[in-house]
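Note that chain A is present in both complexes that follow, paired respectively with chain B and with chain C.
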Partner chain A sequence: MSSSSRSGAGVPSSRSGGLPAALREFAGAHVSFLIFAVIAALACASVPNFAQADNFAVVVRQSAIPIIACIGMTMVLMTGGIDLSLGYIVGLSSIVSGILAKNLLLPAPLVLAVVLGLGALIGLANGAIIQFGKVPAFITTLGSGYILYGVAQIVSQGSIVNRLPAAFLAIGRTSLLGLPSSVFIALLVAGIFQVLIGSAAFGRRLRAFGFGPKAAGLSGVPVARINVSVYCLCGALAALAGLLLTIRVNAAQPNMGGGTFTFEAVTAAIVGGTSLFGGVGSVVGSIFGVLTIKIIENCINLLGVSYHLYLAVQGVIILAAIVLGNLAHRRG
Partner chain B sequence: MAAAALAAFAAVGSLVPHFLALPNLLNVVRQSSIIAVCAVGMTSVIVIKGIDLSYSGLLAFCPMIAGLMMLGGVGVAPSLAAGAAAGVLMGLFNGFMVAQLAVPAFITTLVVGQICEGLALLMNGGRSIGGFPDSYVFIGNGALLGVPISDYLMVAFLLVGFFVQRKTPLGNHIFAFGGNDGVLRQEGVDVKRVQLFVYGFSGFCVAVAGLLLSAQLDTVHPTQGDAYQLDAIAACIIGGVDMAGGSGSVPLAVVGALVIGCLRNVLDLLGVHPFMQNVLVGTIIIVIVFMSGQVRRRNAMATRGTL
Partner chain C sequence: MSEALVSMRGIGKYIYGESGKALRNSEVKILDGVDFELRSGEVNVLVGENGAGKSTLMKVLGGVIPPDEGEILMDGHPVSFRDPREARAAGVAFIHQELNLCPNLDVAHNIFLGREPKRRGMKDASLMYARSAELIRSLSCDIDPREMVSRLSTAQQQVIEIAKAISFSSRVMIMDEPTASLTKREIDMLFGLIKRMRSEGMGIVYISHRFEEFLEIGDRVTVLRDGRGVGQLPMSEFDEAKVIKMMAGRSIDSLYPKTHGGAAESVLEVRGLRLTPRTPPIDIDVRAGEVVGLGGLVGSGRTELAKSVFGARRMAGGELRYLGRRLDRWNPRRAIAAGMAYLSEDRKAEGLVLGMNIRENVSLAALGDFLRFGLIAPRAERSKVEGLVGELSVVARSIEQPVATLSGGNQQRCVLAKWLATAPKLLILDEPTRGIDVGAKAQIHGLIDRIAAAGVAVLMISSELPELIGMSDRIYVMREGGVVAELAAGPDLTQERVVQYICVGCE
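Let's look at the complex of A and B:
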């Protein structure tokens, strides 16, 4: 709590003393948590029926699947890239999982393995084109997104696969402690990636790569492997999200996910403190990012306002987060 | 490049029935005009090492404003002006975020596009609107001396874009910025103004394209822009606009738009489903950007010894 612990030289030490400095220090390190707390407090105070245990469970349940996708997007944004195909991987893995589980009657673990493999393979292709083909990430994933969307529509033959087998639904619907298992899958994924990004060598290399690929390469970071594996992991996580979404609505459809889901993942990651310039990002921050935007979505629903407002509001939030981050960056 | 396009055109013409019929060709050009007007704006954005992903939202947002005003009894001219102004404002905002706050272009334009799509949906509860005044629909479907008005507009934008790029100091600055913005800054040029202009002009182009599209359809649908964004980027890339910035010509991007228009039309005539067409266009984009990158690197390697 000492005022000298702030590493930035921009704030004169004479001005920062006592509580405000401590607050500012805390705020600098936990922006995503603060935004979450403020939004949650506002919602509790002003939206009727928000502050109820049932409703909190709804928010948690709705956040679980986007958290999985958002962790993938966070890693991609940390490299300084973007994955615009994320939502379309969700759609393709949705229809594929439905066809495998219902039409081909494959056992549930095999469906899970095949869909995760498919997502990883798509991500691998994205990463390879970006890393070795030197095609910008937004072009590669914009193009592959359209390709995947088309493929998903062709695979589905324009129809929806619903009433899926019970064994397959059990992956995400088994009730534990009053919450569906998809919430615990999301927690498990978050835990794994917290270790991977937070404390493993992978995370250090990823951050080094994000701050400056050239410097990272010169200091011995396996640049190509890091960059490709990030897209690969993001693809696998998107596929897992698609599978769990399919289970949640009990219908496999190629339109699932899409551009709005991609955008949600980007919004949550940025609200969660991920830098647009690469190198900075965390799993915990992204979880708070998802919870924040899901609370806002929840409030829009509770207030009976048009869902379309949610799209526009997300955009405004993202811009606010960018501008605030920019101001903080300048001051620090 | 132009010869290859002509050869492909002739080959396709002899293979696909009805493609070379005059009504079909005029129709292709009329449909391509939307992509072409978008491509004129997109070219300069890509030349300054940016990208504009707000097209899908703006293509619906601007005509939605104009359409609601027209249905509300406002005259056609002020309504169109308001729609175009909305596009310019959004474009300027993109430029501000990129120039002033150094936000990556693909993020800020994606966000603005999403906001605009949300607003377009919100303004009329997600429904489409139609039944516009005749004079507005005439812009999209009418003809002057046997040539559709849309085609005149396309040529006008081509000429304006070409003139700005090649004949004005601003055009020089745009290319210089794409080549090396650091040098341009050291020369004392206000690079932020260059960026603001490019994104603002891009917003204007896409607003006009959206208004034109809605005039052709006599409808504004809140998600009508989704297909055109990919086509506009593809048109630029086919027209040889370099994704690495610094080079790109407006006339060739318009040729790229015509190529995309022909491609879509031929695939339609052959009965290929639009989803399959998107798969093809997506593949074309990635392959061409990949190949142009390879060529650039090989040239760089080849000249390394001589410099």
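Let's look at the complex of A and C:
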């Protein structure tokens, strides 16, 4: 200890930058809100009929169900995985809920419980294959998604179930403050998961696992449990989305959801600031993400442009996010 | 026989900072003015402790990394290699310890990878197989050129690497610990090949830690220490004690604090633990209040032993007793709950979650302590983390700073803080001062001493002999997956003795 002369080698370059730095920090933490604000402002300024109270209500109503699914997808993406079966869980739970409610005349709460359980079970299978079978999430959920699609077609026998019982429809159609109850269900789900991801140990461990599975495991994070439960929760939320969609259109059909719905959930999560490389994501960000892309969809509708442009825009967003993310990774 | 085939003069290599820029003003260099000479028709054995710079020096020669200072001459002409391809074209072949073959291709395709013989633009497979068969025969070996590489033994794969090197008409062959995973018979065969290549005028650089091999195969020994050349001597002057002295004469640059000692009750008893079914059983004990050192080369099984104790790795046999209780179905989660902590040698992948900040990293292993109704109590977390960060004098703007932006020494303090937050009874440290500057090192040594003095059992892996000897009350030396010696601290525990056990074993 006599003369441990500290060499001036490792002096870190100071990073203080006054106001711009503070601005950058704010922007970094609220990217999803800023994107939302810019897109909304642009839409108000340039799209006729957009800035009207009942159009805003349309956007909110159309966002409610995707928000539920997007929260599930966000958690999965936070582990560094992906759930491509999400849209097909929606389709299967749609036809199953229709059959249970109309053909078997089960009471509405029981239908809800069975469908949620079904979604959770499917997610559990996905998660178990990914965690214990060491199969990449992309492959696992691509495969299971197609299995579910096939099963849904078989169960439905090629027909749709419509004119569903009123008691069942009431789950998502009861009007409160001028909005359907599905909007409030989405808010409730968002609240629960905001606490779970933002304040509970689960969220902290989920982020640690997403950023560095090795370090997390060696710090006592129950890695397997977290990885499986994320797919399980995502499956249950997808099933809830499927049930609410069925109620909204008053028809249970196996083609509901599907690849486009999955894709929408992924896009919204990315716009909401979720990283495809794991670790980063939030409920609030995902809500803004869904609102943003639903505004884009709404504008495309109002302008009378082909709906397919909406799909193309989503593709551009995802590719741009991946390319930018890769560049950032390389620099880091 | 006497002219220099390769001579490297004044080779220097800086350490690199986080930004990827060379730290030219740092006191520490990986290589500092190293001279190295290789004649044709000789086997030059390169020896030195872990981190002495052997591999770096050979990577410079093999074109893997460029030197920051100095020059390389081949046949008296200066050369510079921008990548391994250029080095290979100039006749320098590098056979790495982990062989670089494609397991999914057959032997001939591996030998001629990327330069398959062609006829009218198409691959000429029959010529390629014929030439491969000829090459392998010239090495007096019998391997079918159509065999998949994945089905060959390690020794056979090495033969393929050598055949590949010869097919490039290489004149310099660098072999990095080629015998590490070979049996006695395979080693004899390899030595036969090396002797043949030598008699044909090739120059061979042979990196190894096994003294018994030098005598058999080497013509000269070159010793490196702390990135400097200590000397070259012909095998006729080889003397085990002398070479050990050259390797081990690392300067002790600080005094090691030792207020701990006086071991109390046993905390960890390892009985008959086998790392793999083939390695010998290991018995070690660690008692409360003592620092037990674990010495040996990289790859001797030290980290594997530590991870087996911590439950992060499955062991092949034996049992662990911890605080008098036999451990069963063990994993890191349970280990932490029972009061074990493991500071990994790989700080960036296994020690820290680099995407998170100081607070989240430090509280991660003890997160359960901060929960109220399943939710993290922010105030309890912050005050605990701030206390530890202050105690370990982590230099940071705030505990919200991302750990990725901290210096190595401060990152290591954060990992230590994380484990101290769990109030461990057994602290396993794997290379606790690797890659951190001298001042931070001394401070971490002081901390380890204080932790042990407070009654914690410490098991410390270190490749730095002064640290190992200075900090430990007892040292276990590992070699090839087993413990070969238990040495007690004292005036007669010298670096030379430890090196002897590390390199020669107990016989």
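To be clear about the criterion, the second predicted complex is superposed on the first by the 296 of 332 C-alpha atoms of A that agree within 3 Å, B and C clash if a C-alpha of one lies under 4 Å from a C-alpha of the other, contacts with A are read in each partner's own complex, and residues count from 1 in each chain.
Everything below uses one rule, namely that a contact is a pair of C-beta atoms (placed from the backbone, for glycine too) under 8 Å apart; a residue touches a chain by one contact, two chains touch by 3 or more.
Only a predicted model underlies this, so the values are computations on that prediction, with no experimental measurement involved.
Put chain B and chain C next to each other and count what each touches on chain A; the higher total goes to B. Once the two complexes are laid over each other on the shared chain, residue contacts for A:V280 go to chain C alone; chain B is not touched. With both structures placed on the common chain, the touch criterion links A:L303 to neither chain B nor chain C.
In the superposition on chain A, A:V249 makes contact with neither chain B nor chain C.
Of the two partner chains placed around the shared chain by superposition, neither chain B nor chain C is touched by A:A170. In the superposition on chain A, contact is made by A:G212 with chain C only, not with chain B.
By the touch criterion defined above, A:I147 reaches chain B but does not reach chain C.
In the superposed model, A:I192 makes contact with neither chain B nor chain C. Residue overlap on chain A between its contacts with chain B in one complex and with chain C in the other: absent. Across the interface of their complex, chain A is touched by residues 51, 53, 56, 97, 101-104, 106-108, 110-112, 114-115, 117-119, 121-122, 125-126, 226, 230, 233, 243, 273, 275-279, 281-283, 285-286, 289-290, 293, 297 of chain B.
Of all residues in chain C, those touching chain A in their complex are 17, 23, 25-27, 254-255, 257, 310, 312, 332-333, 335-337, 342, 344, 349-356, 360, 364-365, 367-368, 371, 374-376, 404-405, 407, 409, 418, 437-439, 442.
Interface residues of chain A, counted against chain B in their complex, comprise 82, 84, 129, 133-136, 138-140, 142-147, 149-151, 153-154, 259-260, 263, 266, 270, 276-277, 306, 308-316, 318-319, 322-323, 326. Looking at the complex, you find that chain A touches chain C at residues 1-2, 4, 6-10, 12, 195, 199-202, 204-205, 207-208, 210-212, 214-222, 279-280, 332.
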